[in-house]
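Note that the chains take the letters A, B, C, D and E in the order they are written out, and that residue 1 is the start of every chain.
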C-alpha cells in the first residue's frame, strides 16, 4: 500500500471555497462555474480561514542523474514531483456537471510555492501546462523538474566515493512513509551512467518560527560512483608503469643505459598524468587520495632514478672524479633505498643494490596498488 | 496510401461545438464568428460531452540526429511532429464564409498536451505560431520539436554499437500503420553525421487507470554508429604499435638497446591513449570492450618489456650479480612468455627466446586485432 | 536597378482593408484611425478576400558566418531578412494625416509566418520591435536573423572542402532576380574568418498541394574553407616528419641505433596526431582524406621501422640465432620494401637496402605530399 | 543581537498609503481591500509624499561560490538577498481581517530597483513568486540571486592568491552592523570547493548628486584559493624534475649519454608544462609568478644542457675539431655555470665541473622550490 | 565641461505633448495625470508633429571587455548606455505636483529603437526596469548592455595585435564631443584582463535616403592585446629549444648519438606545439606570423637533423655502402646548410661542418627571436 507524504501548508495566504452549481452537464457550464468561483480567486490560498493550514502531499521520484560537477559542487537531476492539495469547500456533483475530473491550465489556479533550497540556477525544466482537478476539490500537479542543486561533494576517496546530496523542499508540513518513496525512485531511474542510486532517505522537520510554523522535507540521495572505468583507465596502467620502474633495477648497468631507460619511464608516467588530468575532478578543497598516490608514485620513480644515478656514478667513476660527499651517499643509500623498497641487507656490497629487487620490494609495490584497489 | 496514426484523446477537459454562421464571405465575418464560438472556449477540450474521447492523429518524422551524449545518457534530435484533431460540432459552409481553410494563431485554441516522457530539458524548439483549421473543424498542427531525451546507452561494443532510444508520446489513444511513418522518417533525415538510422518501430498501449484510459505511443529509434572514423583513428594505429612491439623481439640485444626501444614504444602507446581519451565516451557503467582491449594491450607491452629485462639480465649478468630468484624466472619465462605469444618450444636455450616470434605469436596478435575489427 | 524577390502569399488567413480618415494631421489622429482599422484585425491576413494571395517580397543578405559544426552537421549564420507586403485597401492621404510613413510596433500587426525549414534551434536573433508602414499600405519588416540550420557537410576533402548549404524560406510564392541578391550578400559579409562565401544561388518552386499552392524559395550558400592554416599547422609538419623518416635510412646502422631513432620519430608523429585530433572535424560518416593520409603515413613509418628491425636482425645476428622464417623475409623485403618506396633493384645485396633511398623513393613521398596539397 | 542594514530609499517614485477596512475576517475580504488600496498603485513608490525617502533594509548572505573565471575576470556566486521596507500608511487590524500576514504575488506590488553594479549578464536566478506583507505594512522579500559579476582578479601569486571582489548594491542609503552579516554568510556557505570565504566587509556611502541623494552599500568578499591541489599536482612534480636535472650532473659522461638523458628530461618537463597549461589561469595582464618560475626552470634546464654539450665537446673532441671560440667558453663556463648553481671554485679543472653538484647547488634549487611553497 | 552626444531622431512615429495638471501634490495625482497624458500614448513617438525630429542624446561607456572570439570573429563587451530625450510638450509644475522627478516603468513609455548593427545574438544584458522623467519632460534611460558584436579581427601579428572594433548605433542624428566619451570610458573600464583599451573614436554620419534622414554614430574601440603571457609561455620556451638545436652541432658525433639527440629535440618541439595549439587563435583567414615562425622553426630543425644524418652517413660509412648521390649532397651541404645558419666557409673539410656554429649562426637564430619579440 502506498501512503505518500502528507504535508501541511500553513502559509499566509487567505482561503476560499464554495460548492459549484452547474446549469447543465456540459463542459461550458462547468467552466463558467469554475471561472466564477475558482479562477477569479487565483491570488488566494484555497482555505476557508487563515487559521487553517493547507495540507500538501508531496512525492518525489528520482528519474535521472544528469551529471555531477565537482568544480562548482553541484548535482543535476531530473525529479518527478507530484503535489496534491485540496481546495477547501470546492466540490461538484458528478452527474449534475457531467464529469468527475477536469484538466485546468496551471495559470488559472493558486499554486503552492514549493521550492528546493539548494537550487542554484534558473528553472530549465520541461514546461507542463495542465493540472487535474476532481469533483472533491483535490488538485493533482505532476511535473518533471530539472534540479541544479548544491551538493557538498567529498572526493577524498575518488573514484570509490559515495556522495550524499540533500534536497530540501519547503515550506511544508509533512507526515508519511519514506520507504515507499525510495522504492519508486529506484524503479523509475532512467540512467545507466556513472552514478548509481544507493539509497534515498527522507526526514521531516517543523521549525516553529514567529510568523507561523515552517515545515520542510529533506530528501537525502545517496549516490555511488561506478569506479570500474577509472580502475581500467587510471589505476591499472599506473600500476603497470610502477611495476616496470621497480623491475628496471634488473637491467645490467654495464650494457644498457639504465638511467635513460628510467628517464623515459618517468616521461611516460608524465604523459600518463596528462590523461588522468582530464578524468580527475578538479576541486581545491579535498585532494583525492588518488592524486596523492600519483604524486608519491612520481616521487618514488624520481627517487629510484636518483639512486640509479648515484650508483652509476660510484660504479663507473674514474679516479680523477671528485667523490660524492659522504653525507649524501648515506642519505641516498640508507634512507632513499628504503623508500623505494630496495632490500637493505645487501647494501654492504654496493653493486648488488642495483640488481635484485627481492620479493620484499615487489610486495611493497603490489601492496600499494592492492591498497588502492581495495579502498 | 498513407494512413497516419489515429489517436483517441480521452482527457478530462470539457467539450464544445457549434456550426458557424458568417454574415458575409469576408475574413472579418468568419473571424467574428470564430471569436464568438471558438476563441472564447480556449480552456475547454473541444468535445460535446465529457464521455467522448478526442481522437488525435499523431505523426512523427525524425528530421535529424544532433548528438548523443554518453555522459548524461541523452539523445538530441529534431522531430517533425504533426497532430490532427477535430473540434466537435464546428463547421462552416465554404461558400457562405468564403474559404475552406484558415490559419489561426496557436494561442487562440485549445491544444492537446502531448509530451514526451523522456524529455529532460526545457523546450528549445524553433517557435511556430499558426495552426490550420478547415471548414469541417479539423485542426492540423505541424511543428518541429527539438527533443533532449533520456536514452539508456549501452557502449559495451563501442564503436560498433547500436542504440535503441524510445520516445513515449502520451497521453493518447492510437490506431494506425507503423510502416509508413518509418519510411517517411528515412526520407526526411537531414544529417549525414556519426549516427545512421537503422529502423523505427512503433508500439501502442492503453493503460486502464481509474481516471480514464491512458494511451501512449512508443517510438523506438534504432541508431547505428558509423565506426569507420574510430577504426581509422583508433584501432588501426593501435594495432600498428602492437605489431611493432611483437616484432621488436627480432632486435639483436647485443647491438641495440632493446629495452629502451620497447620503453619508447610504451611511451608512444601512452601518448596514443591520450588521443583515444578524447574520442572514447566516458561513462562509468559499462566499460567499452575497446578500453579493455587497450588496457590488455598495454599490459602485454609491459609484460614483454619485463620479459626483455629478465632476458637482458640473464644474458649479460656478470658473475658477481645476485641471480634472479628461481620462482620469478619460472613465472616470467613459462607463464608471461605464453601471454605475450612467445613460442614455448625453444625455451630450453634461453637466448633463442629473444629472437624468433614464430607465426604462432603473430597469429596471436593479429587474431586480437581481427577480433576487434570483426566485432 | 534592384528588383527584389516578389512573393505571393496564398495562406489561409482572411483579408481586410479600408482607407483611413484622419481627423487632424497629428500623430494621435493617425494612430486612432490605425487602431480602429488595422490593429483590431491583427489576426486576419491583410487581403480583401480569401481568393487573393498576398505577395510578399523577400530579400536575404548573408551578414556573417558564425560557425560550422561538423559534429551536429549544422551551420550558424546571421541573415539580414527584409520582407515587404501590402495591406490591401489600406491607404491614407499624406497631407490629411501629416506623414507618409510611421513606425509601428510589430506586435500590433499581422506578420507572415516565414520560417526556414532547416532551422534546428530556438530563435536567438537580436530582437527588433518596429516595422515601417507607408501611406500606400506597404509594410517593410527588416530584421537580422540568427540561423542555426542543418547542412549536410561533406568533409571528404577537408581542409580543401566546399560546402553547399541550403535555406528554404516558405511558404511563399516568388518572382525576381537572383543575381542582385548575391551581389548584396557579398557586400555585407562582415566576417573574415575560416569560411569564404563563394556564391549564392536562388531557386524558386511552387508545389501545388490540395490546400492551396505552397511556394518556397531556396537559397544555396556555397562556402569555401580557407585551408592555409591547416596546411601550415597540419600538412607541412606532417610532411617534414615523413621526409625525416625516409632519410633516416641513411643513418649507418653500425654506429647509431637506427631503430631507436625511428621509434622516437614514430613517437613524435603520434604526438603530432594529438595536435591534429583537436583541429580535425570529428564525424562518423565521411572519413576525411586527410585522416586516411595520416593513417597511411603512420603505417608506412611502422613498416619502415619493421624493415629496419629485420635488416638489423639479419645484419648483426650471431650464428646461434634462429634465422627469420623464409616466408617472412620474402614478405618484408619484397613487398613491404616496395610500399615504403625503397628501390627494388639493389635488393640482391641486402645491406645496401638500408643505405640509399634513391630519387625514386623521395619522389614517392613528395608525390604523396604534393598530391595532398594539390587537392 | 542581529541588527540588519537599514537603508533609506530616496528614489523619485510617488508615495501612497491608507488603512485597510475588511468587511469580514475572510481571505476574500482582505484581498478585495488590498486590490483597491495597494495593487492598483503598483507603479507608485509606497510613500506618502515625494519628500520622504523609503527605508529599505538590506541583508546579503553568501550562499555559494560557483566559479571564478580568470579569462573574463568574473565571479559567479549565489547570494541570499533579503529586502524589507514599509508601505507607508498601510495597516490593518489583525482581528478584523483575520490574519496578520499574507503572501502576495510579487508582480502585484511595487518592488525597489535594487541592482548590483558589477552585474554582467542576464539574471539566471531561480525564480520566486511571493513576498510577505504583514499588517503593519512591512514587506519582506527573500530570494536567492545568482550573481555574475565583474571582479578584478590579481593572479600574480597564483595559486596562493587572495581575491577581493566587491558587489555594489544601489541606489540605497544604509546604516547597520557589518560584523553580523559576515557571521551569517560564513554559516550558510554551502560549497566546499576551490574557494574559501575569508572575510566579508561592508561599507556605505552617500553620494549627493543633483537629483537626490544616491546611496549605495558595498560588500567586499575576500576569497582565498585553496592551493593544496595545485601544490600536489604542479609544484611538487615540477620540483622533482628540477632536482633530477641537477643531479644528472653526477652521470659519468664516459659511459652514459648525459646529453640525451637531459634532453629526455627537458621533453618530460615540456609534457609537464602541457598539464599545467590546463590548470593555470590564462589572462593577459598579470603573469602569475608560477609561470615565470616554470619559464626560469625551463631556461635553467636548457642552460645546463648547453653546459653539458660544451663539456662533452671539450672532453671528447678529437684534435682535428675546430675549438669552441674563446668568448663562448668564457660565457658558458663562467656565467652560465653560476646560473645553474654549479660550484665555481673547481672550474679550474674542467672535467670536475660535470661531477659534483655541491651542497651549494642543491641549496640553490631547494631554495627556489621552498620559496615557491613558502609564498 | 561634459557635453554629451546630442542626436536627432527623425523616425516615422507620430508626436504628442501636453502640460500636466495635478489635482494635488501627491504621487497618486501625478500618476493619474501621467496615465492620461503619457502612458496611453505609448505607441506614439513623443513629438508634436511628424515634421519634427526627436533629438536623442547618446552616451556609451565601455565598462568591460568580456572576451574576444577569433573563431566566430566576435567581441563581447559590457557597455553602459545612456539615452536622453524630451517628450515634447510634457511638463509640470514642481510645486503643484510635489516633485521634479519620477521613476517610471520602462514599459509604460515609448522607447527609441536604438540598436547596434553589429549585434549578432539575442540580448543577454541584465534587465533594468525604470527610466527617470523630470518635470521638463526629459527622459533619462541608463542601462548596461551586454554586446555580442561582429568584429573583423586581424590576427596576423598575434600576440602583438591591435584590434579595431566598431559599434554602429542607429538610426540617430548626432552632434557632440568625442573626446569626453573616451575619457569616461577609460575611467570606468573594470577589467584587467587580456585586452587593454587604447583609444575610443567616434564619428557621425547622416545618410539621406528617401524615407527620411538616417543618422548613425560609430564608436571605434581600439583594443590592444597584452602579449606578456604569450611571450613567457610561447616565444621564450620556443627560442630555448631552437637555441638548443643550434648548439647541438657541438655534440661530438663519435661518442654521442647526435641524430637521436636531435630527434628527441624535435619530439620536444612537437609537444611544445601541442601547448601552443591551445593558446593560439584558430581562424582560417589570416595565418598568424607566429604560426609561420613555428613552422619555419620546425622546418629548420628537420633540415638540421637531415644535415646531421648526411654527415653521419658520410663520416661513418663503410666502403661497401653506396654513396649518397652527388646532386643530393650538393643540395644538402650547400643550400640547406645556409638555411640552418651554418658557416659556409669551412665546408671544404666536411667534418668541421658538424662542429662549430660560429657567431654568424647564433646571430641568425637570435635575430629571428629578437625579430619576433620586437614585432
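Everything that follows uses one rule, which is that a contact is a pair of C-beta atoms (placed from the backbone, for glycine too) under 8 Å apart; a residue touches a chain by one contact, two chains touch by 3 or more.
Computed from a predicted structure; not experimentally measured.
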Each chain counted as touching chain B and chain C at once: none
Cα-centroid distance, chain C relative to chain D, in whole angstrom: 40
Inter-centroid spacing, chain E versus chain D (mean Cα positions, whole Å): 24
Touching two or more other chains - residues of chain B: 123, 257, 260, 264, 267, 271, 274, 278
Chain contact graph, described as a line, ring, star, complete graph or other shape: ring
Round-the-ring chain order [start: chain D; next: chain E]: D, E, C, B, A
Contact footprint of chain A on chain D as seen in their complex: 25-28, 30-31, 63-64, 66-67, 78, 98-99, 101-105, 108, 123-130, 132, 134, 144, 146, 190-196, 225-230, 232-233, 236-237, 240-241, 243-244, 247-248, 250-252, 254-257, 260-261, 264-265, 267-268, 271-272, 274-275, 278-279, 346, 351-352, 355-356, 358-359
Interface residues, chain E side, partner chain C - complex: 11-16, 41, 43-45, 47-51, 71-74, 113, 115, 118-123, 150, 152-154, 211-212, 257, 259-260, 263-264, 266-267, 270-271, 273-274, 277-278, 282-287, 291-292, 295, 298-299, 302, 305-306, 309-310, 312-313, 316-318, 320-322, 324-325
